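Both complexes shown next keep subunit A, but they swap its partner, so subunit B is in the first and subunit C is in the second.
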Partner chain A sequence: MTLQILLLTGLILFSILAILSRNLLRSAISLAVASLLLGIIFFRMNAPYAGVFEISVVAGLITVLFILTIALTKGESDVRESNLVRIVFPLFFVVFIIIDVLVMKSLVQKIPALPGSADQGTFGDVLWKQRTFDLIGQLAIILAGVFSVLALFRKRDKDE
Partner chain B sequence: MNSTWFVYLGFSVVLLFVGIYCLLTMRNLIKLFIGIEIISKAVSLALLTSGFVRNNILLAQSLVITFIVVEVSLVATALAIIINIYRHTKSLDIRKLTKLKG
Partner chain C sequence: MIFLFIGLPLLVAAVLPLIGKVSKKTLPDLLANAVFLFLFVLAITSGRQMISQGPVLRQLNWLGEPINIQVAVDGFSLFMLMAIALVTLCVGLFSINYMDHYGSKANYYALLLMMMTGMNGLVLVTDFFGVYLFLEVAAIASYALVAYGLEHDELEASFKYLMLSVIASAAILFSIAVIYSMTGSLGFAAVGEGLRALDARLVVGFCAALFIMGFGLKAALIPFHAWLPDAHPSAPAPISAMLSGLLIKVSGVYALTRIFFNVFGLTATFSQVLMWLGAVSIVVAAFLALGQKDLKRLLAYSSISQVGYVVLGLGIGTPLGIAGGLFHLFNHALAKGLLFLNSGSVQMATGTRNLDEMGGLAKRMPLTAATSIVGSLSISGVPPLSGFWSKLIIIIALVQSGEWVLAVIAVLASVLTLWYYLLVQRKAFFGKLNERWTAVKEAPFWMTAATVILALLSIGIGIFFTFVIRSWIQPASDVLVQGIHLAFGSWGF
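And then the complex of A and B:
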């Protein structure tokens, strides 16, 4: 449990670094490290498939997409963030953590536990037999993503 | 059960706060999208935690994988939109997007 808490703390620290860093490339790499830590947390929670997906897709592919976008939008894209954001953040963060610790415990106890049974079978059984419609939805969403990217990068016709 | 759930959910709520703070305060479009990514990390952590404490880890894993696929599709589309906005306005500043001039 101690290692898990350390990993979770690292996840939050790298996320904070990702939003507060001035350099966009550094932000993207901090986000990748945060995904890597989340993947390790998933592995330690006995969820190897989710961990593999998190590390390979989120830490790998999405970081590549982010870096590609940063490279394609370079130039005069240096947007000035206000300095107040960095100064005020620790204050808000500490206040939020205090509220979180005080309120969450009672809130979690108020959530009723729904009846349910433990998992049976293997991961393949659950994914392919119980959640078949999810797979169809995933296919539809991937196709939607592909077509939207194609539509957004379409070359303009000559008469436009 | 409740103490483990409390710890993990507490951390995921803190992640959610970091993401929402980024969304509310930053001006760079790519930074805003990094905020959305952080929120999605918080959601997948909360999903898997709920499965972990209820002994339903396989179902939670399949839901998390579905969520990751949705996330990738969202990222690809949103980054393509960001590149198009950059080509149109030559800037990534969201304050330049407030004028609806057609």
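And then the complex of A and C:
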């Protein structure tokens, strides 16, 4: 339980750091640490597949992409934001926590749940046999993403 | 057959960029518009036949083996499929000429087809996660399409749209997660039964609030509208027509209606919330539209206002109100699509969107001016155009259910709508011809053809509105009315 609370606190802290930090590199690394912690939480909650994907894709692959991009951009193109963000976000966060404490505590106790069926099948069963339609949706999302990249980074033809 | 609505645009989109290497313009134009036309014909012919015996559930078979891919078609989803195919077809025809100077047409059509795949999928799925998934397909394609011109404004608008849309998706996904964790299922029917078995009124209220926020953002209801007046004007005109005419209605209004009517059940409280959200959107957006100088921005605010009418009509929850809301959804899709396409013709001819710089364009662009009048008057609710009947039905439904205040608001806002549309007509098309525009010519053939089709439909549906209501609107609203009866009074609020 203590470990779980420590992990969750770390997750929130590093997430906040990722948003508030002005240094892009520090932001990216904070995000990686946050998703690493989330991956560990997934493992501890008996969701190994979610954990593996979270750590390999989000903490690993995406971080590499972020850091590569940051390395390729020039130093002087630092993002200048208004100082309002420094005030607004913590304020929003405090308000969120207050609402969370007030609402969720009473809500969580009252959330009833139907008993889950004991055997949901293996990961492969669920992915390929039960949620087959989702695969088409995912295929469509990937295609849409690819076309977006092609469209937004296109070179204008000279004759057009 | 019904799987073609998802499979065909997806397949053609996948091969279009390759075809674009061989033929830059002709083949992509031909192929994409053939798909749109085919799906439209499919919807109005075999689709009608399919649901003549009531809603059907279809399972995909692959080499004789059933695969766990199921879609459901009822009057409501078929009506949406038809509307999507019709508006997309007109947008596709318009794009033949309009998108020439943007370059990379194959890619453009691929994204448009992906957007159609997303919307068709969203309309056909039978579970919550499918809703989220296809919502994202349509959304991702639309982010890229808004930014398609690659200018500063377009990229900024697209980014703002992306950010707010992500918040909407997060709210929707969170709500779906809560529902799944309680009921252990995602299917609409199973979730509805599960929630009723648990008598989970508190959670239904919580999830409903999140859904209203999420889908409200997608539908750009006030106060969730901030992204729309930037995103819709910045996009290329055909895409503005798609976004305002279809996307906000499919990913906002359709999804919200499906969940509230067929899963949760429309209670008195939900009904009041929806009606007032609609009424506030109608009034506030109408006033905001009044002060606009940018033609497309004005049309964007008008979209918020008109979606307000749709939500108001649906929110009444009586058979007449639902029919009025759905009819207005269709009429607005036609008329707003038409007006945005017209704004594209004007922008292409003059290079400006500023109403103060236009004037007298009717002399140079007679067809664009004429179709634009039809669209404006239809949206404003002037008889005998189609928009008049849908607004009339909504107002009668409001009076019938004793909502006098809202009925008066709806009537007054309609006058306001007429006011700002007449201002547009006077500033852009009538009055003295601005000397700068003496060399302006009427828009090219396909652009004019698309707008003329939409204008003729607005007039035709206005004259034969009883036929359209009987054959398309009634089956759609019956589905929603059944949903209300099924779930009425379940939650005690």
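Everything that follows uses one rule, which is that the second predicted complex is superposed on the first by the 127 of 160 C-alpha atoms of A that agree within 3 Å, B and C clash if a C-alpha of one lies under 4 Å from a C-alpha of the other, contacts with A are read in each partner's own complex, and residues count from 1 in each chain.
The rule is short, and it goes like this: contacts are C-beta pairs under 8 Å (C-beta built on N, C-alpha and C of every residue); 3 or more make two chains touch, one makes a residue touch a chain.
Bear in mind the structure is a predicted one, so any value in this text is a computation, not a measurement.
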- Message: According to the stated criteria, A:67 is in contact with first (subunit B), second (subunit C), both, or neither; which is it?
- Response: neither
- Of the partners subunit B and subunit C, which touch A:154 in the superposed model: first, second, both, neither? second
- Message: Between subunit B and subunit C, whom does A:17 touch in the aligned arrangement: first, second, both, or neither?
- Response: neither
- Message: Tell me the contact category for A:141 with respect to subunit B and subunit C: first, second, both or neither.
- Response: both
- Message: Between subunit C and subunit B, which one touches more residues of subunit A when both complexes sit on the common chain A?
- Response: B
- Query: Just subunit B (first), just subunit C (second), both, or neither: which does A:130 touch?
  - Reply: both
- Residues on subunit A touched by both subunit B and subunit C 113, 116, 130-131, 134, 137-138, 141, 144-145, 148, 152
- Item | subunit B residues touching subunit A - in the complex, by the definition given at the top | 2, 4-11, 13-15, 17-19, 21-22, 25-28, 30-31, 33-35, 37-38, 41, 44-45, 48-49, 51-52, 54-66, 68-77, 79-84, 86, 90-93
- List of subunit C residues in touch with subunit A within their complex: 6, 10, 13-14, 17, 24, 67-70, 100-104, 107-108, 110-111, 114, 117-118, 121, 125, 129-130, 133-134, 136-137, 140-141, 143-145, 147-148, 150, 178, 181-184, 194, 197-200, 202-203, 206
- Note on the structure: subunit A residues touching subunit B in their complex are 1, 5, 8, 11-12, 15-16, 18-19, 24, 27-28, 31, 34-35, 38, 41-42, 45-47, 49-50, 53-54, 57-58, 61-62, 65-66, 68-70, 72-73, 75-77, 79-82, 85, 89, 92-93, 96-97, 100-101, 104-105, 108-109, 113, 116, 118-119, 121-123, 126-127, 130-131, 134, 137-138, 141-142, 144-145, 148-149, 152-153
- Note on the structure: Contacts from subunit A onto subunit C in the complex sit at residues 107, 110-117, 129-134, 136-141, 143-145, 147-148, 150-152, 154, 156-157, 160
